[in-house]
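Remarks on the structure that follows.
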Amino acid sequence: MVAATPVTSEAEERISVASNWTLVWWRFRKHRLALFSAAVLIGFYAVVLCPDFFSTQDPELTDARQAFIPVQGLHLLDDNGFNPWVPSVAGKRNPVTLRMEWTTDPERKVRAGFFVPGYSYRLFGLIQTKLHFVGAIDQGQRIFLLGSDRLGRDQWSRIMHATQTSMTIGLVAVTLSVILGVVLGGISGYFGGLADQVIQRMIELLQSVPTIPIWLALSAALPRDWTPQQVFFAITVILSLVGWTTLGREVRGRFLALREEDFVLAADLAGASQARIILRHMVPTFLSHIIATSSLAIPVMIISETSLSFLGLGIRPPAISWGVLLQEAQNIQTLALAPWLLTPGLLVIVAVLAFNLVGDGLRDASDPYSH
Amino acid sequence: MTAPSPGGAATPLLEVRNLRKFFPIVKGTFRKVVGNVRAVDDVSFSIQEGETLGLVGESGCGKTTTSRCIIRAMAPTSGQVLFHTRAGKVVDLVPMSRKQLRPLRPEIQMIFQDPFGSLNPRMTLLDNVGEPLLVNGLRNRRERTDRVAELLRLVGLRPEFMHRFPHAFSGGQRQRIGIARALSTNPRLVVADEPISALDVSVQAQVLNLLLELQTRLHLTYLFVAHDLSVVRHISDRVAVMYVGQLVELAPTSAIFKRPKHPYTAALMRAVPVPDPRVPSGNGALKGEVPSPAAPPSGCYFHPRCQFAEERCRREPPPLREIAPGHLARCHLADQLTLETPASGAGGR
Amino acid sequence: MGLGMLPIRTATEAGAAQPLLSVRDLRVTFAMDEGVVRAVDGASFDVLPGQVVGIVGESGCGKSVTMRAILQIVDKPGRIAGGEILFRRRLGQAGAETEETVDLARLPPRGSAMRSIRGAEIALIPQEPMAAFSPVHTVGEQIIEAILLHWRQWRPDGRPLSRTEARQITGDLFRDVGISMPDQRVDAYSWQLSGGLRQRAMIAMALSCKPRLLIADEPTTAIDVTTQAQVLALLRDLQRKYGMAIIFITHDLGVIAQMASYVVVMYLGRVMEEGPVDEIFHAPKHPYTRALLRSMPSLYGQARVALPVISGSLPHPFNRPSGCPFHPRCGDVLPGRCASRVPSLQPVGERQSASCFLYHDVADPA
């Protein structure tokens, strides 16, 4: 007796052998907005991989005579077709306020180009190179695509480096949270008993304390003489120590539910080891869900870092992050005179929005067997 | 009518003795135990090699808990589950640890009710059906593939399907896959927990036929847990009826369906609506509802709903005793009552 | 167990009566991302006043969607794509009633006309009684509200009903559906009641507006066999007492045989066969009905033998076969005919109809 399943169409055959990840991808693909946001995030992480490549000049290069230069917008075309340029700037000191006042002059073009040589750096920390994505053709000429700050540093290049710090903190802190959440939540859910009790009380305690005072207290406790790298690492750990609880709860819930699943019992009856049951059956089942939850947690981390640094308690100069950059834009004067210093805020919004949209898309797609 | 029990009464494969499973009811911060849900309360029976024992009862009667204790998916509170291994030894599964149970796992397998939840949706048929083989030492992928192909053919599926995922299959086909997995380790005892009740009516018979065919071919022993009496009657050699955690009747199939000795069994059979408008059935002969196993009635658990209940039934709990050869019932009045079922008059039609 | 327990066949069935509900060529479609699912694909049947009609079929046969279409509660993205649902509604004061035939398929689902029919004229007993009651109000309150809303059904003289009187009626209804201690139970919350009592309270709720048509959607699927027997007996008694028509939807052929006087067999959205219960079970015409009945193990047939099976499995809704939907699984398939054209539902006996080319050659227009 053969169950009649007539040989079916190619499309159906494709679905039949589609793995979980393929199905998730098929469903995620239908989410236009999430797909677009994913592309935006890929752009962000390209910058994270190599901020120097995208910078036009050394982010630490100061020049008091070039403070508060306004945005020199990049133009791709001139009268002769594709020929990138930026308008030049000319400064004049105001005789009353003694302040430099800058005007852009579109008639005088400064030639710019893509993949041009600039300052020397190490690509991925390894390869010595001078190649930059965009910059002035004339190496001696400084161009300020997003203006300059009060010390005459190039805002564009600083944003590239800040993106690296802030996006990395988000990713690393969430990774640490996930590890903590999965391990502790997993122990809590799979083994139960006393371990469960202890971990659950711990989560309740951590969740009942308001987060901002915890951050403040923990960051205030960081020694002042730590290097920016140490501070960076410490902030990441602090964020994840506070942030793992939600995930821990979720993982515990998943484990509790999965323990009752028939296919888990079947593996148990087959004689599979506990490690195999957890790694082969339980973890893959909630992995896509964890990824979705994590991508929703990253923006929270980014905002946390930004707020901490903005308050002067997180990353400290000379390290650069979005929060550090925004700290520069704290006073009314900057807002009035140099609104381009607010661009990091715009990036925070774009990044957070993109992560949320991708997270939503992933969450909807993460359980392809639900209907 | 029913086939005689193969192998006679000589070789039991499984003996369950005084099996109990209590779930403590805890209250308050200090988790004080204030009572017990007596889910399985002193259940004893044995299954002969090659036979099918049907275990029936309404939801909450303890039939599923009993089966889960036998396969040791949960630890019984007390009692013995004696299993006669292939090597010829008799072992008690109850005190065994996870590790001690592992070598015995291949001999006892299970078929699940829900064809959608019992297969890992993230693994192909090859991995789902091949998992018991892999964890029991068949590491060679080629050999495993061959064996899975053979198993799929055995349950009536094409071996070419083995690279597909479960979502490509209908409920009936998934149930066949689940059966293939259960058979992969050459089990001797197969516990089937409501294996066809979640399937569409038009495919139930296919799976039922498959189970019967496999039993003859592979000399399997079934513990068949179900609530559908006509299905249980069709497949079982003997039938055990449970009520509020206790075994109330155990007898060969034809005997229990024609002449049940326990009033509950008879009421259960009369309550089943027969798919024939000329046979009046499915009547509310039984009053009230199933009592909670946390607070069972005094005496005979069935007395509040029993039309024959006497003073003695309220006071004394009746023992499970042999009324006729091989026919056990837990009723004081079992010898005196003549109980009717829809099958009573219907001879060997 | 006597003759009294036999299914009721009321005098109103005797042919002359006009149908209370007449479903004509009903089509319900669901527009999904993957394509359009024809959940109900041309279903036709009548329900006479006081008749118990059983609709039987497997999952995906369209029996529940048909019921939802009658009540105009089809879930999105489903919609009634064609056909008529003619219902004879009461008009005017009780006592001096006139009747009017309305096409429910044409009424706006949320309009006042449909709302006054839903509940008052057609009531539903859902599958899951737990979901039917709000957990924050007592069961009694909810039924009293329903009675006060449809008070005219209880007061032919047009005198308004007081809350105390409505409570009285609720108590009586509880007594009617066999709830012990009705006066106390009126004040219980649904979660305080056992499954069986909740089911009974649900039936009382459905009766609270004296409907002429009761739709029971798998009312006993979630409960045990002895409780099911109680509920079925109760429904039979109430049907006799109130004289309402019942559409009984189930996949259980046993329940249908014991409850219905007229049976509609559905498969993949189409009516395969319909007729009086005795004919359907003892002289089934359609190969699907015949195969289904043969494939069931019985309480008195031969045990431990291979049952005759229906080969294959239910096709996926997106994979609907061409022609007769049952032809790929049919043992009597006629080569060339069944696969190309859809047989229409035609009379095949005195009171029986079937959609099968074995008996006629009338196809539905493509």
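A, B and C label the chains in the order they appear, each numbered from 1.
Here is the rule we go by: a residue touches a chain if its C-beta (ideal position, glycine included) is under 8 Å from a C-beta of that chain, and two chains touch if they have at least 3 such contacts.
Just so it is clear, the structure is predicted and the values come from calculations on it, not from any experiment.
Placing every chain at the mean of its C-alpha atoms, the farthest one from subunit C is found to be A. Note on interfaces A-B and B-C: more C-beta pairs are in contact across B-C.
Subunit B has its Cα centroid 55 Å from the Cα centroid of subunit A.
Centre-to-centre spacing of subunit B and subunit C amounts to 33 Å, using the average Cα coordinate of each chain.
Shared interface positions of subunit C, defined as residues touching 2 or more other chains, are 309, 311, 313, 329.
Looking at subunit A, one finds that residues 1, 3, 5, 12 touch two or more other chains. Multi-chain contact residues, meaning those touching two or more other chains, occur in subunit B at positions 172-173, 206, 209, 213. By the touch criterion stated above, subunit B contacts subunit C in their complex at residues 1-3, 58-59, 170-173, 200-206, 208-209, 212-213, 227, 229-231, 233-237, 253-254, 257, 267-278, 280-286, 289-290, 341-343, 346-349. If you check the complex, the residues on subunit C that touch subunit B are 1-3, 5-7, 58-59, 194-196, 224-234, 251-259, 277-278, 281-282, 291-293, 295-311, 313-314, 316, 329. Residues of subunit B that touch subunit A in their complex: 71, 73, 98, 102-103, 105-106, 108-110, 112-114, 117-122, 124, 128, 131-132, 135-136, 156-158, 161, 163-165, 167-168, 172-173, 176, 178, 181, 185, 206, 209-210, 213.
Taken together, the subunit A residues at the contact with subunit B in this complex read 1-3, 5, 12, 15-20, 23, 261-263, 265-274, 276, 281, 284-285, 368-369.
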